[in-house]
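Some structures are shown below for you to check.
Okay, so chain A shows up in both of these, paired with chain B first and chain C after.
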Partner chain A sequence: MSKDHEDAPMTIGGSPDRVDGVPKVTGTALYVDDLEAPGAWHGATLRSDVPRGRFVSLTRAADFDWSDVVVVTADDIAGQNVVALIEDDQPSLVPVGGMICHREEALALVAAPTRAAARAALAHLTVVVDALPAVTTLDAALRADVAVHNDDNVLKRLEIHRNDDDIDEILARCAHVIEGTYETGAQEQMYIEPQGILAEWRGETCRVTGSLQCPYYVHKALVMLLGLPDDQVVVTQAVTGGGFGGKEEYPSMIAGHAALLARAAGRPIKLIYDRAEDIAATTKRHPARVHHRLGLDADGQLVAADIDVLLDGGAYVTLSPVVLSRAILHAAGPYRIPHVRIVGRALATNTPPHGAFRGFGAPQTTFAYERQMQKASRALGIDAFELRRKNLLRSGDSTATGQVLTDSVGSDAVLDTLSAALERAAPPAAARLGSLHSPVRRGRGLAFCFHGSGFTGSGEQRLAGRVTVACLPSGDFEIRSSSTDIGQGMLTIFSQIASQALGVPAARIVLSEPSTERVPDSGPTVASRTCMIVGRLVERACLALAEQLRAHAAANRLDATDLATVAAHRVAHAGPLAETCEHESPPGVEWSDETYTGAAYPVFGWAACLVDVAVDEDTREVVVERCIHAVDVGRAIHRRIVEGQIEGGTLQALGWALWEAVPYDDGRVLNPSMTDCIIPTSADAPELETLLVEMPFAHGPHGAKGVGEIPMDGPAAAVAGAIEDALGVACDVVPLLPEVLDVLLVDQPPQETLA
Partner chain B sequence: MKLRFRLNDEDKELDVEPFRRLLDVLREDLHLTGSKEGCGEGECGACTVLIDGAPVNSCLVPVAQLDGHDIRTIEGLARQGTDGEVLLDEVQQALVSFGGTQCGICTPGIALCASAALTREPNADRARLRELLAGNLCRCTGYQLIIDALVDAASTRRGNSKR
Partner chain C sequence: MTDWIRPTSLAEAVDARRDHPDYLVLAGGTDVMVGAIDRPAPIGVIDIFGLPELCVCEHDDEGRLRLGAGMSYAHLLGDARVAAAAPALVESAREIGALQIQARGTLGGNLGTCSPVGDTLPVLLALDAEIELRGPDGTRWLPVDDFCTGYRTTALAADELIVSVRLPVDSSSREQVWRKVGTRRAQSISKVMLCASTHRRDDGRLADVRIGLGAIAARPLRARATEAVLEGALPDGPLAARAAQAVLNDIAPIDDVRSRADYRRATTARLIRRWVLHLAQTSTTTNTGS
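Now for the complex of A and B:
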């Protein structure tokens, strides 16, 4: 265990204790529901409970005591009745007379002194709805007999074309064509802390604090909803109990509701969802169907790929266009393919909108292309590693959008690292293995993938994220950024970067509370961008500050090796000093939104995952006996934090592959509880073998690039490939629950379906 | 009803509704917010407290059952040193050092459950630790660094840390 000396700057690449570790292990870290709010009432949300219809009326029961209850409807909205995001098409509250587009639409809000009283009041509101025919499946959305968005139910269509004018003939001439359809279900983020917001008004200023990833997203939404100028809305992140994308956009909805209630009640409002409401109403990973045709020559060289991607976007546009974008930009995989056609569509259905979840569209298309590669490997009789090595993108190669890769290309390195690890002994098998009955079949699956770090295309230029680092009178340095620590370790990593750049000990670094009244907009905490993009801004601001302080030291004959003392002197004698840096994209990063060509991402992470499974032939229970994940992270600023990111993401992916189902019936989630909507326990999880590969990225801090999402992409395909290897049936859906495998084994006699 | 019990090494007397959840009484009446509600149905373990040394989901316990018992919450797991400094339990220290806490919402429950488990089974191996922790869900870590931490904590308690 490397422990930094207290007087020395924090090291890069070691594993110093997390700066938020002690408050978290002693229970003193304050999450939103832990915050004291004297006089606060509790809010609750009245939802529609029909998938589609017209909201006819809302009435209060005459025999209920409404004296200690506040009721809010769309009529109480001072600004625009939207939850601002990309298209501003989602209402905060459906007005009477308005259209209801899914079962969890908010129709009215109540607040009362206790949660129980608020729930009791909800039960005394009566809603009348004229139900209309609804679209609740991808197939129904495609048929468009009922149109719920435009006349074709298409929320967004995006395409990628690379030398594809005659792709059908090219495919017809290929020695081998692998064709498959891959379906992946919704997945619940299942952060252990449910969503919640505390809102209060001080005069004409609305202040909200909550469990959220992106303070400025919430700020933008509240400004629009409340009709207030920017400086009369203050949004602050409380310690947040996990996000994984789930607290990217939905907190804007909850914050708006809490703010409306707080205004009406004239007192603070806590609006904390219970688990059932959180699962039913908030966003999930987009269900997807990917049809994939892959053409290879006789030697196993990839020639052409024709890919059709469908995402179920749910009832409103929300984030679906950008999820679809990332889905198609990853759909051809990390391979050299001369001819590519990709058509992606996000479809509207009358289900609650699907949204951000770690991976953001890439896991769905990665599952498809790696299942295709596994089938190709088997069909051509080429070893799994060899087929990847034959086709993978190397430095100088270009992706499907024509992006030429030059910097930090870890494709060979992750495969080499993984195959070297296979020579070593497996760790002791997890405890669950003993529960398997004989006969048992075993199989192995490999997945190889890449993941773009940062916003897509020109997104980072448009965002122009900013960070300020200020000298405090005490000689401490305050980092002001809107990045949030949602468990991924931002507080510690920014401290390390700043401590190194300034040459001061950790105790000299202070992280400002992420509140819109204190920090500039550094962009959202999403897209594997926090360390790479915002961390680089922290580093640049610190280096610029150090430069100024060294000049001050020289002019005043101070010891320039102790910048904390210099900073205190500078502030005392010459006034405040701070540096603000704004994002600058590396030269040559050109992207066209019109043609979908060019540099889709600043850089890619690379990963290879190998999974060994044992399958009980009688019960179809699957046990992951070994899982090795080699990931190119550029540079690990903090080794254990990076390992923790990879292992957490890997287990979420194994969960998606094997256990985590969110079934819907007519637009309603059927399992809105932790008992029924399961995630892996410590006894389900295998020992995870994590291999860090470090191919430094020139424009990341100390060479770091994104790591948050890539571990989510590959493991599901590795698991499906391993089960296919074990059982001899094509596993083209997830999750592969025992009952799903049972149906597959009945429907597809082993071996026959495999090419 | 009137209840008497020990809470974090202090005698407590409370007059409360007998069917209120222990979790609510801890959080609302006693302002001990280290115990968290993740699911409200005994599935996630974020509300774990120790009753007479055994881990229990406080969201499932009517407070009436506490009478005469000894309760320890996360606020009472670390000890005060002679100079008033906080002396973390070996499990807490290992969770910090090994990266076994990320978002931290499950950590109080995990720390209490693991501390009790290692008291009962000081020689538990990795596979056994996975079984003992199976009632406490963590969505961040994949459990790997938590198990690493607990192996180290067990070793520290036996007088032999790798830290």
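Now for the complex of A and C:
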């Protein structure tokens, strides 16, 4: 870590110490379960045990001492029994007589003085359910002989059309048509800290604190559930141990439960999930099936793409419409294709709802289109880099929705950076374990992709996020935003941006606790938008404040190079001063939700990922021997944090590609533990070669654009392509577990190589 | 409330075990604690972790290496005598858990749990190890293959403690190989484990072939049908194929959340084949080189 001089403003592009580093490393940071809440009881959740059915009755055992237990049911809900999000179809608690739509539905809540007592009390509640036929796979949802949502099980359908009236004939005339079906599985976010909420009531005001990404999402949900005015619900983020999207929507469910229990118990309630409950009940990445037809001319120029995208949305609408939106908006890839038809459907199944996870639909469709490009490269005998360069989007080109790219187009740059890096020697591969070594087969795969930064379409305009920066009497500056630090470094990056804009040292910057009673709604911490969108608001508010302070300095003959002193003077003599900025979209950004045309995103990040693998001849285990990832981030505000985002996202993607299976049986997760739900360890990680490409974005702070999600998109296709290169079999599913490869290789006789 | 006894000597531990045969014997806790949330608390615990007499590693009068049951995997990794007598044991210990687990988990604990995925057990099987058990009536020795009786069951009597593991005097002269196939490269539960050892006669034929396998049946086991195919044979390609076929009769793997029976079968067979090919290759090298 380079150390900024204490009196100087924090630099941009360096790697100053993280604002939250010391408390996290020394263990003084307080996560929700660390918070003291005198008199608090602990909550537990009674869940259904059938994937679908009618909730007939709930009875309490007569021979159990209920005196120290509080039980809450849907009858105790004062407001509307929904978890408010996009559609209000998901209940907080299934009422007696209501429909159970998945195995982890909450039917009742209990609270008791200890966690063990609360969990023990659950065993004394008896549930009667009339089980009904359930839909637990995409195929069953498609068949729709059991309808669990409308009559076709379609939660949402979205389409993109670009000169596709006669796309079937166009494809028929193409010199080459590559066709494939690609399946990707659910993925668990596996944040270190499981989900949890602390709720308490002070009079008629409900206050919740917890492990969450989006305080205002929780606020909206509580207002509706509790039937309270906005100002009687206060939501605060505690220090949060990772999110990856997993703490975008589900905390609204837990917060509602904790609030209901706290009201009934008349005391604070901690509702903290253990790992098993967290994996079983909370959201995961949408399983997907993408059917893709890609037409090319004889020279390898892309002509047409016909893409069908299916997502398993689970039992309720939740975020599936927007995940589907991002999935189809990325489905044609970063390529010039004159004719495009994309049809996307999110289907309802009787599994716990799938939800936000880093990449948000894009990794699934990226896997499909880059596998297609790999197959095209092989079929046409065109080098992988050359095929991409022949077809990639450059400045002035337009995407499948007709968005003309003009600013910060790093497509060529990431490929050039990657191919230059290939000239360098590979880092040494990890030592092999054990003493019985098997031969390996090696292969290489390339993936190239883009990722839209910020909300889709007109989302940012609609949201109109706000940030306030205020002068404190001490001369410090307080940044008030609802962005949350979930480990990604937002606290540090906002400090850097503010410190630079105000010309004051880091010590002068204070980040307000993200609490809905203190900060305006800057929008949720999602969609690779925090630095680019909210960080820009921080910068604008600071610049406006600096201007006012310079005027104050001039009027009062103060030294305008020391704005902290000026600010203290201003507050002492002329009262409080704060600046609030609201998001303004760059001019000319037009989007139509009706036709799905126009500027889908303010700007795109670009990435190229190359993977070398070695596949064990005997065990089919895959070792990633080399992984180079070149990512265009616009501008790295904090170099080490940006590299960390790319390395972490890359490893998460390698995990999705190779190990992270979440198998279900009739709607139940079969491996709800860290022992069996495998994520890669450092021993599984190659020496990641991370290359930053900086094509500044005019409307981001210092040129920055999104970086959080894009590293998740490409690596899985690169891995699958590399394994295909090594083994000569098509690898069209993830995760590519040894068991999967073993089936693919079943017709290949063992090679008579001696070890 | 769970009673807690922490003996300060082996004699005290043996007495405690005699007096409280229904107490749980704790020798590190790396397995016990994983299940602690789901299982009822034991009525009592005899905590023998770190008991000095159980941490001794020494050669006996006949030159056999005797490893205290209380030796942690970290101990095993750091001991030159273990590395000389049983390199495969060191290799298996190196792949168990993380450093913290290696510091807590013990040889005796691995034996006492007798999980089908206990990582040291295939090695002990392939090295003809014997287990020292001590109870109120004294000491008895059991071959490890007789000690492991089934899925998480052993021949240990309710009043006995596992005291040590003894390796045959010839273990260091055995050619040993070890291979763990796990769910990932570290902190992983095994899907297939193979430890194989053999002597070679002057004519290049295999002698005293021992194969220990794990995660392919309800208990770790010796691949006796495969051993029979290999015993006295000259390693070559056809023998490798026969052994790979034979091992399918030795194992009875299952489908579970970590892997599938067909994968475990096929992988075990390929690893057996690989070992025999490896022996064929090294014997050729030796012959041409000498």
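Definition applied: the second predicted complex is superposed on the first by the 739 of 755 C-alpha atoms of A that agree within 3 Å, B and C clash if a C-alpha of one lies under 4 Å from a C-alpha of the other, contacts with A are read in each partner's own complex, and residues count from 1 in each chain.
Just so it is clear, a residue touches a chain if its C-beta (ideal position, glycine included) is under 8 Å from a C-beta of that chain, and two chains touch if they have at least 3 such contacts.
These figures come from a predicted structure and were not determined experimentally.
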- prompt: Is A:D274 contacted by the first partner chain B, the second partner chain C, both or neither?
  reply: both
Task: Report for A:N671: first if it touches chain B alone, second if chain C alone, otherwise both or neither.
output: second
Task: Scan A:T619 for contacts with chain B and chain C and give back first, second, both or neither.
output: second
- request: Please work out whether A:W659 is in contact with chain B alone, chain C alone, both, or neither, and reply first, second, both or neither.
  value: second
- request: Answer with first, second, both or neither: which of chain B and chain C does A:A683 touch in the superposed model?
  value: both
First, second, both or neither for A:P738, with chain B first and chain C second: second
- prompt: Which of the two partners, first being chain B and second being chain C, lies in contact with A:S438: first, second, both, or neither?
  reply: second
Task: Going by the touch definition up top, name the partner, chain B or chain C, that contacts more of chain A.
output: B
Query: Thinking of the overlay built on chain A, is A:D33 touched by chain B (first), by chain C (second), by both, or by neither?
result: first
Field: Intersection of chain A interface sets (partners chain B, chain C)
entry: 274, 430, 675, 681-684
- prompt: Quick one: in the complex, what on chain C touches chain A?
  reply: 34, 37, 87-88, 91, 94-95, 176-181, 183-189, 191-192, 194, 196, 237, 257-260, 262-263, 266-267, 270-271, 273-275, 277-278, 280-281
- prompt: Can you list the chain B residues touching chain A in their complex?
  reply: 27, 32-41, 43-44, 46, 73-75, 77-78, 86, 88, 92-93, 95-99, 101-108, 111, 126-131, 133-147, 162-163
Query: Which chain A residues qualify as touching chain B in the complex?
result: 1, 15, 17-18, 20-31, 33-34, 189-194, 239-244, 274-275, 428-431, 486-489, 640-641, 643-644, 647-652, 673-675, 679, 681-685, 687-688, 690
- line: Residue positions on chain A within touch of chain C in the complex are 274, 430, 433-436, 438, 617-621, 623, 659, 663, 670-671, 675-676, 678, 680-684, 738-739, 742, 750, 752, 754-755
